[in-house]
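Here come two complexes built around subunit A, the first alongside subunit B, the second alongside subunit C.
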Partner chain A sequence: MKLDGSYTIPAPREVVWQQLMNPETLAKSLPGCERMQPNPDGSYQAELKVGIGAVKGSYQARIEILNPVSPERYRMKVEGKGAGGFVNGEGLLTLTENGSAQTLITYSGEAQVGGVVASVGQRLLQAAARQIVSQFFQAFAKQVQAVAFPPPSTDPLIPSSPR
Partner chain B sequence: MATPLLGQRVKRKEDPRLIQGRGHYVDDIQLPGMLHMAFTRSLHAHARIGSIRVAAAKAAPGVVAVYTGQDIQGQLGWVPCAAGIEGLKVPRHSCLAIDKVCYVGEPVAAVVAASGYAARDAADLIEVDYEPLPAVVNPEKALAKESPVIHEELGDNVAFVAKLAGGDCASLEADKTLKVIKARFINQRLAPVSMETRGVVANYSPGEDLLTVWSSTQVPHILKTQLAIMNSLDEARCRVIAPEVGGGFGSKLNVYGEEGMACLASRRLGRPVKWIEGRRENLQATIHGRDQINELEVYVRPDGKVVGLKCSIIADLGAYHQLLTPAIPTLTALMILGCYNIPNVFVQTTGVFTNKMATDAYRGAGRPEATYIIERVMDLVAHELNMDPVDVRMKNFPSPDDFPLALPTGVTYDTANYQRSLKKVLKAAGYSRLRKEQERLRKKGKYLGIGLSTYVEICAMGPSSRMPAGGWEFGEVRIDPTGKVTVLSGTSPHGQGEETSFAQIVADGLGIPYDDVTVYHGDTFQVPMGIGTFGSRTTAVGGTAIYQAMGRLKKKMARIAAHQLGVKPGELVFRDRRIETEDGQKSIGFAEVVAEAIFAKQLPPGIDPGLHEHSVFEPSNYTFPFGAHVAVVEVDGETGEIRLRNYYAVDDCGRVLNPMLVDGQIHGGVAQAVGQALWEELVYDENGQLITGSLMDYAVPKAHQFCWFETQNTETRTPVNPLGVKGVGEAGTIGATPAVVNAVVDALKPFGVRHIDMPLKPEKIWRILKQGVRN
Partner chain C sequence: MIPQSFEYHAPRTVAEASSLLARLGSDGKILAGGHSLVPMMKLRLAAPKHIVDIGRIAELAHIREEDGTIQIGALATHFNIESSPLLKDRCPLLVETAREIGDVQVRNRGTIGGSLAHADPAADWPAAILALGGEILAVSARGERRIPARDFFLDVMTSALEFDEILTAIRVPALPARGGDAYLKLHHPASGFAVVGVAARVLLNAQGAVQEAAVGITGVAPKAYRATGVEAALRGKSPSARHIEAAASHAADGIEVNSDLYASADYRRHLAAIYTRRALERAAERAAAS
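Right after this comes the complex of A and B.
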């Protein structure tokens, strides 16, 4: 299964890059992500709850970031497995400046799916993957925005603008 | 009573219990202390197995035992293959994968637990480390030198190469007066999808040292022998029972690893173990059918006479051999000439291993492929020479006087009249009227297609010399002291209705009511020997065995009656519950003769007491039923959807014993054949994942997608058996697929379409229409 597309984040490229490399932000953005912990080898171990149509399941995923070229691009490798089957994917993320306040993230990659998800969810797979990616970027954009443009604090003891 | 029972639309004895839900299938069997088994199956098409972690499964609630390939190695025999082909490579096929998996769905571990749900949940807790290997999915790529090899110990992915030659094809190449037509057909992979999935209950009683197995099988006796071998038991210690079997279509003509595992688990645990296959497992891990690539060269004279046919068959066998896997495509070669006496033939069949489930017998088993090839060829000849497909066929039919007809393929057709069935179906369809309608509609931009198929099949399998496990069948007829009759058959039906047809044979022959006859089958402790139900053999071989056993019984009864009546045995007839002389002057009640035979007070000298006779019928040849079908289709110019508007079938299965059963077989067979032509296809992706893994994705046809099938018969009896019956179980599936495809290609003739590979899904047709309109 091929996956490609792009998403515009209303934040400067440096900020987007930092957040894309930040496991906490990724964990908060990944739909169904229950946990994400760094491994000693620099990769991350995540637990994801994902549903493709009727096939819902918990997946143990190993996420690895390869060849990062700050702040332009990196490759991401994902190996996930669970009772519903396995998902192995690898893709390239490229960040392009779109003016000073916007960043275009372009992604392209390929995923191999096996098990129940492949045999039963095939018709839904592409659409479901696209939806998951889109959910990720929406949530990610929010996270980035929160960092780049934090809301005014309601706590009187904290100054309203850190900038 | 006076009307003969044979040839009547007698209602099925089976139906009251089946339609009221009172039959007992394997899953209905409940035994005290019964455990349930579930399998962990491979997620990969090709991978080495690393460690398998079973601790969580073992600790799960209700779990009694967990087995992996390592646990059973050397303690359970290999899954057997019975096909005898020269030079055949047979990979070792363990009931649970040992160090490598070769297809998605291959059993890797088995869990036995207190309930089916507990077993299933625990099976999902088993973690298997796989080291994925490149998968080989396309059989042509599997033949390439650089292809990964699935069974390294066998050297390459070629399981066998078989050549069949007759006449001299090479000499035709020099003949410049001949037209050479080339074609490439793909006969796609199908799933049999019986309504009842597979299932087994194994119950080993340590005290009696007896293994009793209930299995949803078509071949209980073969299964008994094989399970005894796999479990190192004497056959006397092994009993197989096929209870109600909810369809098989060949998929249960087999011995599966799951059956072996249920026996092993029951032997180890001393408790009954049940396994019921789920539908997803059924699509993944029950044998598949078809899956061939056919490359053809056809040599034709300008007048439409076909003089030579060369064909290369690449048969995708899947990863392992099941019972008859490699034998199936060789039947394609054997029947490739169809009902045409083409003097020169050369067929090379290459069986190829791929990382998929094994193919094997699916209704028709090799013959639908043959019929598809030759019937598409006949339409291509018509297309190339601009002839009517009817004329091409008539030109190439042998005369009815030519039979028995020895073909260059090595088979001898028993009897036929192909002209008669074709004329009859053309009349039923109103062929010339349809052609005119087609012309009219084309002018209006509407696409009506008329497709023909004139088929012949090879049935009543078969002479033992040609069958791996023998081709005879066993039948026994017993008359009980009360005068009621018990019939035992070694065949094992799963929807065919032989409790009805066999009762008809016996009641008709003995001159007693149909209700007085009870037919039993499917229990190896009840029926001493048998081969089973497949290859349209049940009536022609199994029915004949019963007919012969009954004949022996009648001889004995006639001698007893003659002794009582003071006449010669040859003067007596059996009718209306009496045994009497033709003129009825001397007569004795059937029940009286039964009583005399069993109570043995005044038996003539040399006659043993009792009335039970058996017979083992060994057929001298196969039978060759035939027929002619016409499909009429409408192609929707907007959506590419195909509507089957009319279907006409004239089938000749020899003597018809029960027209209702024959009709039923034709209707079901045609439905499955249309399914292949239009909708059904098992699809593996390039990594070997089965992506049509549910009935949401695999398009089994529904009743509303069909028109009414108009069925008729001609009757050309066979001399191969005394009943004159040929067999009809697969005729519809064999005959109908090319009729539908020919009809669709015919409809799309204005678009320059010469051939389209199945299934003819709307998308495919829509693209052609769109392209054609643009052109």
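Right after this comes the complex of A and C.
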């Protein structure tokens, strides 16, 4: 199954890149991520509870970032396994500056899905995958905005902007 | 093929069911006809901790008309709708849609409310309810909500219903004078789901031109949608073959089209235009004959 698309994040490219490389931000953005830990080889181990509608399952995933070219692109490899089946995917993410305050993330890749989920849900896979990817980017955009534009301090002793 | 164990609840009233759901939160799952949920549970793709079986709530199984509006209770089965004399006369689009669903077993047990709440992107009801500009009634311990059909379907198997809400009924306008409608579908040969399904309603004015056309399309995108480009292109025109064909070419404008092993995105896009043309032609013929 081919997966491609793009998403615009309202933040400068450097900031977006840093956050894409930040495991904490990724953990907060991955749909249903319950735990994410680094492996000794530099990859990550994640526990995801992914679901569409009533179909929900727990997956153990290994996420690996390959050939990073800061702040432009990297390849991402995901191997996931759970009771519903397995997912193996690899794709290229490219970050393009869209003016100074926006970054366009383009992704294109290929995923293999197998097991019960694939055998009974084939007709829904593409749309379900798109939904999960868009959930990720929406959550990621929120995380990035929180970093790029932190809310003004509410402490009256520290003015949020110089007067 | 044996589901994971779960707690079973069988409330007798909507009030009882909604207070149960409020308590269970996201652990609760409503069971209606069980023809989508139970197969998924048997495959263990779904493993709800609590099942709230609304099948014994008698007040949810009605089909009636009030002041030109048809109201169908969530528990009406596809067969109840297919065989309803009231609907055959007052809202034939629903009868025609029900006939195209699944097989006899599914139609005997599956319910309109269950199908809508499940929000399968290839289910038949969403196309019809969208084309009719229907409303979906949802009740929770917090009160009742009326959700316009066009705001109800959010994404693949995702509706606007909250965890604690019960879809109780569907409301659609009856067929007006000089109106006609039709539902046409290409069945997936194995599953019976819509590869493409198009519901159309056409209203003609006194001069025989199209006053209003409404088109709901299922199977094509991650959620059923109104083909507003088609509708706008036909408004005010005579329902000639040429006008209908030109309008139908907009069936998938601006839509992210699904693809699977059976039908590629291009093929689906092509089918959407063809089935839209045929559904509009049939609806317009019926409107002219009414």
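Note that in this section the second predicted complex is superposed on the first by the 151 of 163 C-alpha atoms of A that agree within 3 Å, B and C clash if a C-alpha of one lies under 4 Å from a C-alpha of the other, contacts with A are read in each partner's own complex, and residues count from 1 in each chain.
Note that in this section a residue touches a chain if its C-beta (ideal position, glycine included) is under 8 Å from a C-beta of that chain, and two chains touch if they have at least 3 such contacts.
Please read all numbers here as calculations on a predicted model, not as lab measurements.
Peer 1: Thinking of the overlay built on chain A, is A:86 touched by subunit B (first), by subunit C (second), by both, or by neither?
Peer 2: first
Peer 1: Which partner does A:9 reach: the first (subunit B), the second (subunit C), both, or neither?
Peer 2: neither
Peer 1: According to the stated criteria, A:63 is in contact with first (subunit B), second (subunit C), both, or neither; which is it?
Peer 2: Neither partner.
Peer 1: A:131 contacts which: subunit B (first), subunit C (second), both, neither?
Peer 2: second
Peer 1: Based on the superposed arrangement, let me know which partner A:113 touches: subunit B (first), subunit C (second), both, or neither?
Peer 2: After superposition on chain A, A:113 lies in contact with subunit B alone.
Peer 1: Please determine whether it is subunit B or subunit C that touches the greater number of subunit A residues.
Peer 2: The partner making contact with more of subunit A's residues is C.
Peer 1: Have a look at where A:123 lands relative to subunit B and subunit C in the superposition and call it first, second, both or neither.
Peer 2: Touch partners of A:123: subunit B and subunit C.
Peer 1: Quick one: is A:52 in contact with subunit B, with subunit C, with both, or with neither? Answer first, second, both or neither.
Peer 2: After superposition on chain A, A:52 lies in contact with subunit C alone.
Peer 1: I'd like to check the shared interface: which positions of subunit A are touched by both subunit B and subunit C across the two complexes?
Peer 2: Residues 83, 116, 120, 122-123, which sit in both footprints.
Peer 1: Which stretch or stretches of subunit A touch subunit B in the complex?
Peer 2: Those in contact with subunit B are residues 81, 83, 85-86, 112-116, 118-120, 122-123.
Peer 1: For subunit A, which residues count as touching subunit C in their complex?
Peer 2: That would be residues 52-57, 83-84, 116-117, 120-128, 130-131 of subunit A.
Peer 1: State the interface residues of subunit C toward subunit A in the complex, per the touch definition above.
Peer 2: Those residues of subunit C that touch subunit A are 29, 36-37, 39-40, 43-48, 118-122, 155-158, 188, 191, 193, 221-222, 256, 258-262.
Peer 1: Touching residues of subunit B toward subunit A in the complex: what are they?
Peer 2: Within the complex, subunit B touches subunit A at residues 43-44, 104, 124-125, 280, 283-284, 685, 687, 689-694, 696-697.
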